[in-house]
Amino acid sequence: MIKNTKILVVGAGISGIRSALDLAETGHRVCLIDKAPAMGGILSQLDHQFPDNHCGMCRMLPMIDRDNGQQFCLRKGLFHENIEILLSTEIISIEGNAGNLTVTISRRPQGVDPDRCTGCRDCESECNIEISDEFSAGFRKRKAIYLPTPHQIPNQRVIDWDTCSLCGACRDACPTGSIDLDNQPETLVLENIPAVIISTGVELYDPGHVDLYGFGHLPNVVTATAFERILSSSGPYQGRLFRPSDGKALKKIAWIQCVGSRNIMIGADYCSTACCMFAVKEALLASRKIGKDARTAIFYMDMRTFGRDFQRYKDRAEKDAGIRFVRCRVHSIEPAENDKDILISYIDSSGNPIDETFDMAVLSTGKNPEFQLPEFASREGVFTVNSARGFMDIQGAVISASVASEKAGRSVSKKGSALLQQRPEKLYFDAVCEEKPQLQIVLCTCGDFLKPVLDWDRIKAELKNMPGRIEIARIKMICDQNGWDEMIAMLRNTTANRLLLAACNPLVYLPRLKELSQETGIMPSLMEVINLRSMVDQATDLAFRTRAVLCELEMSIRRLFSHNPVEPALYPVSKSALIVGAGPAGLTAAISLAVRDFKVSLVEKTSRLGGNWSNIQSAESRETIRTLVTEVENHPLITIHSEAEVIQSFGNPGRFVTRIRSNNKDEKSLLHGVTILATGGRAAETTAYSYRKNNKITTLFELEERLQQPDFAVGSNATIVFIQCVDSREEPRNYCSRICCLKSLKAAITLREVYPQSQVYIFYRDIMTYGNSEQVYTQARRKGVMFIPYDLENKPRVRIESGRIMVEGSDPVLDEPVFFEADLVALATGIVPNPAADLVSIFNLKTTCDGFIREADSKWRPVDTGREGIFICGVGRSPSRANEAMDEGKAAAQRALRILSKDTMIASRHTARVRHVFCSLCETCMHVCPHGARYMDFELQRVQVDHAACQGCGVCAAGCPNSATIIESFEENGIMGAIEAAL
Amino acid sequence: METITKRYPSVIKEQAPLRPINSPVDLCMACGTCAAGCPLTGTKGFDPRKIVRLVLMGRDSELIDSKLPWLCTMCGKCEHACPMGINIANLIRAARGMVEREKVPGMIHKGVELGLKTGNNLGLPAEDFVFIIEDVGAELAETPGFSDFKIPVDKKGANLLHTLHNKLVNTQNEDLVHWWKIFHLAQEDWTIPSQNWEGVNWGLFSGDDDAMKTFIGRIVEHMEQLNISSLMYPE
Amino acid sequence: MFDLLVDYIRSGRIRLDKTKITHRVAYHDPCNYGRKSQELFGHGYYEEPRWILDQCISDWVDLFPAGGNQYCCGGGGGTLLTPYRDERIHYARRKMEQIKRTGAKMLVVPCHSCHGQIKAVAETYGMPDLRVKYLWEVVADILIID
Amino acid sequence: MIRYALVKNRSPVHAVKSVLEKMLSQKLVDAILAAARNPYSLLPMPTLFCDPGKMEGIDPLAPVAPFNAARQAAAVTKQPTGKRIALVLRPCEQRALIELVKLKQCSLENVILIGVECLGRLENQAYIQHASEVSDFTSVFYKNPDMQAEVTRACGVCEQFTPAGVDLTISLLGAPEGGVGITAETETGDTLITQLELAVADEPESRAAAVGKLLQGRIAARDALFKATVEKINHIEKFQELIATCLSCHSCRISCPVCYCKECVFITDIFAHPPETLLRRAMKRGAVKLPTDTTMFHLTRLAHMSHACVGCGHCSSVCPSNIPVADIFRTVAAQTQALFDYQPGRDISEPIPYLVFEEELSESSV
């Protein structure tokens, strides 16, 4: 049995990675497990994501305390010193009580020792079993010993025990003896687990189960995931758009939405949420790749563009890229006459039947309705990420993962278990800049492998000739414990202050450099690892090989010699937060931080807590908010500043100073470590549809309020008309407010229940009931609410004739005009953000064209802003439902905890530095810095770097014409020296 | 002045049985699946989606008075893919059943009436029927291997009651023998009733539940009378 | 009916000569035995006729789509008895295209309506030589008589 | 609304001088920066005037400029002084100044821009030669179209000889004998014309034709130069041949008005190679040309500054090795500037291309 104080995160997709990093960054130890042999979940197969159509997974990497991990592409791997990763591992059972769980896990051996595998692939060529490769969605074959994802690091193979015949050919072929065919799964019992997070994601629907789409029968019908592989440059056709059956270049592609979703016949009374945008993205990428001959069409029921930026993205796809959106659920897919193309029958907007052939059909498969969470997910102390309940887009998954980490972290810290001791390691090294550079080179000979293939005498001789003090040592195998110990013993006895490790895959060693540094006193930034083996593998002749190795060595030597580290900047963290806005999101964030013992100053513009929403919520949500308000008001660590506003703010993450003004007069300065903006929004106003010209024409929000009144009445035979998307989803307010459809549906259901004889009609463009809220749409139809779709060219019209309200429109289904005399018209006007221009300029942030405060990255860092230490949540950022806003509040608090849980902010190794003597103050660097990590110090007339926010990305250095700004460890002398060596 | 649009209760909806999943017509989201899958969509104004919409609006008479219900083969392909499980074929059948009987097109209702009166949709008397089948049976007996073949009419205690499609008796006599051959070689204990041998239930087509029940009832009666355990029914 | 044939063949009460039919044969699922039966009785007869065909014919093919998603021949629901002949013929176009594409010389159906409809429209769709047989007719044709 | 005023005097130079003197004496401005000959030099140098009585040698029209005065203009406007300063600049100087504003090297607060229509400048020696022969060479130059043959190569291909985006423009083309045109383009300029009580007139009809004719010739010459230069630099080896005699004096960078670095990276330690490095290179390749890094220097300057090149040609004028630096720069600049649809000095609000980050399809591109 293993005593463990690690929080267990189950499932290493993006949610799991987010949760694990959230906890690791706040000082928890985490064990991240996944039943697959590789990390990344479904995202490992996707190369492109909305909105910029690139992958941005790395944006989830830690941005403060970066030296605790490795800054690599997260699709390749995750390296953080607080995170242990166990792959091919599943949970068998969870026992015990919240805070002290006993978890039994079963781990299948990978069959290949990662420390020894060099990735040479000899094993693969010997294996005679060949099956279809899951990663490439079946477009390629793989062996029983294989690489689960092509880009993973380290790229060692694993054995698929389900297909392996245990013949031993691979074991015999392995040059480093790294293969072990003992496939007995190991059962581990982990005790004292403080919390478990379930982030397993959901299973996708298998369209092969139904006979409608020809999936499995027609080779040119593929799933959206498979199409993602076709798009990928690491895919079956190197990113060229060919089709599987005959390699024909694709031109006409159809996307079929709602495959396995929104279908009560298979038990899928839900929307899978992400597929609409997924399809638009794929169609857009495909259209771009194909060029002007592209003919792409998306067959849909409702285009669920409910995110803040989705509608404009879709509009561009339609207008600029010419993607056709056809509102018709496809019945079935058939082979076309030539048997290669496929035939899709559908009805166009006028109801005419059309048979159209396509080169290929892509099925937008959603969540498998049969998928269920394991029983232990409902245990106390086990927290389930929402993305493990239903299919979600990246933003939703990332936020829900942070919510789960917040809950888990809160439960653990309440139990009194302390966070990790901060920075036990040595921080300050002897002032090496004063010492003469002295370099120790350790050459690993990889057993006896490298001995005969390199001219060692020449290497030794030439290295001796190089300027500077260099010691050289050869060690047989530093990857095994003996070699490692031997090296440490030797390093302890040298006076060297720089280390060059020439071995194999540097990524295996980089995570261990910190340990090495603690043991030897050499600074991590004065160590380098180079890959000797790969150089040897690439060249054929002895002299050439030796030359290549020498060249590489000299490059590193020059870099190391010219590197002069400076002491890291550090300052204490103020353990308190400023939260602006006391709506659902702000209140939730305040509680999240206060229960973790951090002081909170809550600044609210109005005199009342609870936000605008308290006027317009359903009774249930109102109660939730009321409870929240009471909790906040009574919390000793929360100070409320009502009728107050922020007038000035400056500082760095961990140490901000903000001036606020209360009641229009009293000014006060607050010192705080983080800022959370939850500025909220309000109901949009309208003048459309004769609003206010008759008191029976109301907004949806007003109707909701009236429905709560005891004296509300319409005639029992009343005709009630709802109009959705009023002034929304078209310029200038071209976004979906996300809340109106659900509100209209609920109000319509209430009306139908109270007045069973009433006629309730809803004019809509697309019903936005994503996720399980689809059930409300189904219920509304079951209750007899009638839905009439309209489009922008054909909006309904409202007019008043001698006091009677007449609503005209047309029913595209029957292709007939409709004409109602309405007793009540409800206009879904949507929401707009509260004006935030002042705040945005005070905090140096950006807004969208609609005035929402813009986040750092809408998918991967949804609650961060461009400035570290300042977070954003709720309607001020994007339209959201009350529960979503509260989730964002929690997620923002979790992000803030990364800073608040530290005593000091310490700059990472690679950050930018300004050499003021050279600086012309042109401010180019400030313009180009993507992290807002630079500011002008007007007093000193200097450009300064915020070392906590600086990510060392180097954009400033690239923009600076005369290298007045440089990146620590990448000074020109070293780089030019390395180039010199390479020439 | 335009006509005010109103929704009325639909009798068709009430009469069309629900599918096992219990989903009424109301669940329709006008997604177009049915219309996309139906080979008849667009022909003479036929469109299953529109039909469902009419029923949803309670505009039953428009459907009943049209020929649309009679164009449909009630094949069920539309509802096979309907995500809401709306039983469109049953809507059609219910609508057909509400058509005044004399307005039922073609021979369907005539057949039903004849069937009710005579026991078969052709109105063929029993002796003529027995004559025809025995004549065909005698012909078969001349074929090698079937020399001892004889048609068992109204045989009590037989294992299997064989009913016939009227078109085989009427025009396509040559197709009568296939089953007989099989029965003969399989040494089946079978019989054909001289009365009510009709194996086609046109009540199904006309939407006439009462007639349908009568037809079935007669056959069951037969089986009880002749003490026969199994039935061979061509449709 | 299918169950009976399967029983006769499986129990050996009748024996079949599989070599008799050498040309390609296509099989059509009728709505009534498939979707209708599935809906009313919870079992669609998809596997049984195919098993029987396996016993009878070496080169038989399915139409696509088949089974639960097959196309109706156009003659069901009493349409053979209504005066809407043109519509009925038009309805059959999909089915007939499918048959044509298989290259089969014979279509096997287990339903009287389908039999009647397809025979009636074959010529209109350019397949005057297409033979349409009942499933039991095929069985009867290849019975081994001792 | 553009207003044209005509100022007549003994000569164009006197006309300009009278206007500028009036500006100072009426205290419309506190200081004027303009080119003037001083007792020590025949060449006019940028001079900052505060006293109208000291403006004897002023000659902003002189067809010569020892260097581009943008940097001097920047030097007097770098930090706010509270004084109102008029800058009299050639178009290329004024455009460079706009670039320096964008680079935060100076500010146009409290500055009046007076642009001089420039038909080109002569190389210093040629000018001195002429100026020592005639008393008012400036007038001679403007009267005699044949003098165009003597302007520098850069000026001969300059199509932006008329100032744009300035408060006042001083023009000679189309102006009658002994007179200059003063055009107001901005409200400030308009006020100045009123305050100076200048005689507002219709723009002479001959002006448009004269401008058009000159422009046509310049564009043809420019395109011919581009064509010829591309041939000389379209391969790295040809390029190296062209700059082979560069002695790394960095005069081109020093004379460049937009090369704004406090200290050029090429004179820092990074490029001060120790002897062992030089020897190492020689050993590796058998021979190495000295000084090193000249190709790198010119390419770097092209990379850093071609987007901002105003084509003033001073880099060529100052080169001791007669390298056609300006030809190279203008040819490359034409392409970089077209790529980003960027014209240096066109508009102060136009962002420098490399400061604009357009994420593909992100909201910023809406």
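Going in written order, the chains are labelled A, B, C and D, and every chain counts its residues from 1.
What we mean here is this: a contact is a pair of C-beta atoms (placed from the backbone, for glycine too) under 8 Å apart; a residue touches a chain by one contact, two chains touch by 3 or more.
All values reported here derive from a predicted model rather than from experimental measurement.
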Margin query: Counting C-beta pairs in contact, which chain pair has more, A-D or B-C?
Written below: B-C
Notebook entry, point to check: Whole-Å distance, chain A centre to chain D centre, using C-alpha means?
Noted result: 51
Check: So what's the Cα centroid distance for chain B and chain C, whole Å?
Finding: 18
Margin query: For chain B versus chain D, what separation do you get between their C-alpha means, in angstrom?
Written below: 96
Notebook entry, point to check: Taking each chain's centre as its mean C-alpha position, how far apart are chain A and chain C in Å?
Noted result: 54
Checklist line | Two or more partner chains touched - positions in chain B | finding: 77, 80-81
Note to self: Could you pull out the residues of chain C that touch at least 2 other chains?
What the structure shows: 68-69
Item checked: chain A: positions in contact with at least two other chains -> 212, 332
Checklist line | Chains touching one another, given as label pairs in label order | finding: A-B, A-C, A-D, B-C
Notebook entry, point to check: Which positions of chain A touch chain C when the two form their complex?
Noted result: 211-212, 214, 217, 332, 334-335, 337, 339
Next item on the list: Please give the residue numbers of chain C that touch chain B in the complex, ascending.
Entry: 1, 4-5, 8, 13-14, 31-32, 35-36, 39, 68-79, 81-84, 87, 90-91, 93-94, 111-113, 116, 134, 136-137, 139-141, 143, 145-146
Next item on the list: Would you tell me which residues of chain C are touching chain A in their complex?
Entry: 64-69, 97, 101
Check: Which residues of chain A touch chain B in the complex?
Finding: 212, 258, 262-265, 301, 327-332, 345-347, 351-353, 719, 759, 777-778, 781-784, 786-787, 789, 808, 811, 813-814, 817-821
Next item on the list: Give every residue of chain A touching chain D within the complex, in rising order.
Entry: 51-54, 309, 312-313, 316, 467, 848-849, 854, 917-924, 927-928, 930, 959, 961-964, 972-973, 976, 980, 983
